[in-house]
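Below are structures written as structure tokens.
What follows is a pair of complexes built around chain A, which joins chain B in one and chain C in the other.
Up next, the complex of A and B:
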């Protein structure tokens, strides 16, 4: 377990380093680097020199890279072009909203996606399995804004049941009323992301369940006279969950991409909406910071999924 | 010749694959013959926000432009972007996958780790940052999408190469002293075309999703009609929740994005089923 965990964390750190390096080089790709925008041409040459020195621009590129890394470790992501606030501060205001959305969606994926997959496996080849299979093909092909627009049109415009956007009705209330309000605003964005991601969960649960139901120990369980539901829930499901959890882990990166579009459409005040607003304002430091923070979140969530897999699959613990 | 025919016949056996193939054909024809189907929409007209009718099959937008024409020209953009993206992905992904699968060793594991890393990263935000910084002409967007489509292709190529290079005829070729380059390109590449082809159809699909997403978020090429650009305009102008509601403005481009992706996915799954028949399924 210890060695396995070490390996995963090491890989996470490596992924982080790659993301940081890419971000650094994108910074250099920019038509004008952020510091030269801060430097006023009216400044005297000495002042300009001092500025260059202060931001480390007089040093060779690898030293700049080290400086960039050191700043990152201290949580320094630079200043937003738009309002001159520290990027870290802007992002940290938004991050909880995105994490809340992803948390709701992942819980729903497990609660709703897994049973559908199990059902398809048990009823394999029957009509319901075929219907589920076709829905899966449509599900993995769907364009997130299409879903979001359809939900908005039906539930917010036509039926007028749910709010069209935002995370709460301003001004925010207190206590239970506030939480209820947020929950109401979260319904459409979470439904959108749920529908956009559920197909893969169903597919993987179905396929791994089909494989597992062929195993000898399942036949033994039947031979012992155990009840069908008991076998499915206790013996088969836990093992069938391993590929499912793995695939959810792998999907988190693309789920974040879907979240950017979903948050934009529903004006959900998370990092996705922040990215959209920053594109319009050409606020590059915020864009880069947002990517880095999202990358870190994805890496952390991947490590968590790996821990869950290790817990589900004892062979990993022993094998190390 | 005989083999090709039987492959096509196999393809025709699955109804869903046929649906996919027809869908792909429709989009390709739409893209190629766009100028003959509808005039390129530009400027503005007097018939603003008209619902679908016999004159304007998909209605008109807030500038009085025909949405059907916009969608037809959007097909051309989608095909262009996904073809360029696929090309870029092949150029990077196939050699990377073959080297890491054939050479194993240090280079192999470095490439493999890189594939892993790129598969876990949130790619859409990364593409957004890069497109925002270097500018979002349609070619830039296509190349960026291609650059980030290589990992899945490399992974598929690598796995296929690993399988093939363990077979005896490769062993034999090595013993005969055939140069490595020859072994890789003649003996291995020809034998892993199947899985590569399947992955390419899937990249065609995801590339369009990425392009539509980027355009929708404001990183498309505003001078080119694409489905994402139409959607962005519709959404910015309140087409989804305004009263009275011009639903046709967001509905048709969304349907075509989905149609494109489903068609290529069905075709890819169909080819995959022929290459890897499942005895029990």
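Up next, the complex of A and C:
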């Protein structure tokens, strides 16, 4: 177990190095630079040069890369071009909001998506299965911004039940009022992300459930006279969950990226929104930091998923 | 496992209860605000009170305007550090924090007198020392606009608490109207100890009608009124108790929040579609409109041999259908610009010197006479060189696609082929600003202020923003001279000369001036605005707003 974990972490670190390197160079391959974007009739070339120097952009690119790596090892992601604040600080301010959103969405995926998948599998071929299948296919193909705007229109504008954006109403309140306010603001963005992602969970659960229900040991369980629910929950579901867990684990990584659109539409102050704003300002350091977080979350989720699967399926022997 | 499923259903029940609670709270809140409105609706006329929420699209880079140069930072800074000079209804600069000023006849000495009785929010008096300090400090630390605008200062002399004198190296008639409009004065007592302003955590101490109460970067900024601020409402100070800025990612989100009553006024200029939505409920919303200080134009790159031919530029200018662009492409959200200088500046366009009018037949004739003949593909050519150009434009400019397509369709009617090249901001900056690698460019200037004295920054042959690479000795001479002519009337005449030369040369064809529109809620009254940077959120205008 220890050796396996060590191996996975080393592999993860290597992946991380490759990904930050690619990010670093891709950002700098963009035409123009953060200073020329700020060009303005009011600002002379001397001031622009001073800005380039301040940003460290006057140095050759490989030197910038070395400086960046050195900083990275020390946990220093540099200063944001936009507002001169440490990138780490900027990201840490936004990260909890994204994590909160992802936490809510994943919990809902499990408690809503899995039972629906199971239901579809049990009622395979019946009307309810068909309805679930069709809804899920619609869900998978729906354009996320369209969905988000529809929710906004219905719940925020038409019914006036929920706020249109942000994570809370400024100024933030205290105690319970604040949490309720945040919960209210979180409903629409989480619903959007839930709809966009629930299809995979339902379909994977359904398909693996169908496969498992054909297995000999399930027939044996029925033959023993066990109750239907007991068989489904104890014998079948645990095994059927393996592909579902894998999918959710892999999805979390892409969900952070996919949150760019949802967070932007709902003015949710998370990492996705930060990426959107920073691209517009060509804020390299913040983008590097945000992509680093994305890479870390994907790698971490992969490791965690492997561990959970090993726990679910004793046949997979870690480090074996 | 049974137990687990019970736990699951327990979680679901809790969630459902939570959801119910949330909706219940929501409806309760709307009820209380309704009652609040009814109670306050009985009293009329301006009085102190009210919490205004301003929606802006885009996050202010910083609350220290000296280290950032984005419009949103400047907007929030304008409440705590209002400018020395503001614009009047014709876009001309007039004193605000300044009581009076005098420029010497040679435009090399400025004596500035500020209003008495203004204090920094921490109680320290706001004096001439602060202005002198700002001039020196921004140059020393190369801070944003200040570094360039104060670069011409030779010596600063503080005469007394409210009087400061600037001695300039060379004559500059727009010194104060530039500096006073663009630079926020720095608190000397705070910054004199600061060695590294870029990494200094400025707390927002200002001298304006509002002071910064609290903020969370990228989310909200709350300001509260400064009681008895001397320059507002006869020494009463602003009416509004607090002003809260909320940051939205785009116009749609902002519009929805306004219609939902979460935001009372838009601090960012709204697109036409948003305006129309608000105008559809005139009992609840109003829209304030004012001409922008910038304009949209097509520019010609003189590196292109064919575009260097005056006849080609003239023919293209004659194919531009301003009516179609303003009414169709911009949906009426702009006014035609037929003069080289924007119609905002009334004095400067009285002369009525206009670009060649829209005339396709005339354009054909100009090209025909100059020897450009139609070939088999329907494109004109001369000596084997085809009139085929690439038109580069930014996709982020609102309605740009419609504008360039109208341009293209008309140009092709007279036999000039136009290839559209839509690009993102960064590529545009790279191609047009840095490399100057383009044929024709379309762009909207944000702000071109003081055109009677500052057009040198875009049309003089040696400046960075002359993307066209255009050089005309007469224009260079006028633009140089006008900067040291102290008499406004004489400057107006000189700029008429400039405009005459400009419509002959046509380095750019200016097409329209955007109308900036700002929606507001009728729960608040007292709105006003002048052509400027911040619409109704300019400190001078916002202090007059009150809750109905």
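Here is the rule we use: the second predicted complex is superposed on the first by the 267 of 320 C-alpha atoms of A that agree within 3 Å, B and C clash if a C-alpha of one lies under 4 Å from a C-alpha of the other, contacts with A are read in each partner's own complex, and residues count from 1 in each chain.
Just so we're on the same page, a residue touches a chain if its C-beta (ideal position, glycine included) is under 8 Å from a C-beta of that chain, and two chains touch if they have at least 3 such contacts.
In this text, all values refer to a predicted model and were calculated from it rather than measured experimentally.
In the overlay built on the shared chain, the residue A:276 is in contact with chain B and with chain C.
Of the two partner chains placed by superposition, chain B and chain C are both touched by A:152. In the superposition on chain A, A:291 contacts chain B only, with no contact to chain C. Of the two partner chains, chain C is the only one touched by A:163; chain B is not.
In the superposed pair of complexes, A:216 makes contact with neither chain B nor chain C.
Look at A:174: by the touch rule set out above, it reaches neither chain B nor chain C. Look at A:15: by the touch rule set out above, it reaches chain B but stays clear of chain C.
Once the two complexes are laid over each other on the shared chain, residue contacts for A:253 go to chain B alone; chain C is not touched.
In the superposition on the C-alpha atoms of chain A, the part of chain A touched by chain B in one complex and by chain C in the other spans residues 30-31, 149, 152, 156-157, 164, 264-265, 276, 280, 282. By the touch criterion given at the top, residues 30-32, 36-47, 50, 54, 79, 82-85, 90, 93-94, 111, 149, 152, 156-157, 160-167, 169-171, 180, 183-184, 187, 230, 233-234, 264-267, 269, 273-274, 276-277, 280-282 of chain A touch chain C in their complex. Note for the complex: chain B touches chain A at residues 16, 113-114, 116-126, 128-130, 132-134, 205, 209, 212-213, 216-219, 231, 235, 240-241, 243, 245, 247, 250-251, 254-255, 257-258, 261-262, 265-266, 269. Of all the residues in chain C, the ones that touch chain A in their complex are 1-2, 5, 8, 11-12, 18-19, 21-23, 25-27, 30, 58-59, 61-62, 67-69, 142, 144-145, 147-149, 151, 178, 182, 198-199, 214, 216-220, 222, 244, 246-250, 252-253, 256-257, 259-260, 262, 425-427, 429-431, 433-434, 445, 447-448, 454, 457-458, 464-465.
Per the touch definition, chain A reaches chain B in the complex via residues 11, 14-15, 18-19, 22-23, 26, 29-31, 134, 137-138, 140-146, 149-150, 152-153, 156-157, 164, 250, 252-254, 256-258, 260-261, 264-265, 275-276, 278-280, 282, 284, 287-288, 290-291, 294-295, 298-299, 302.
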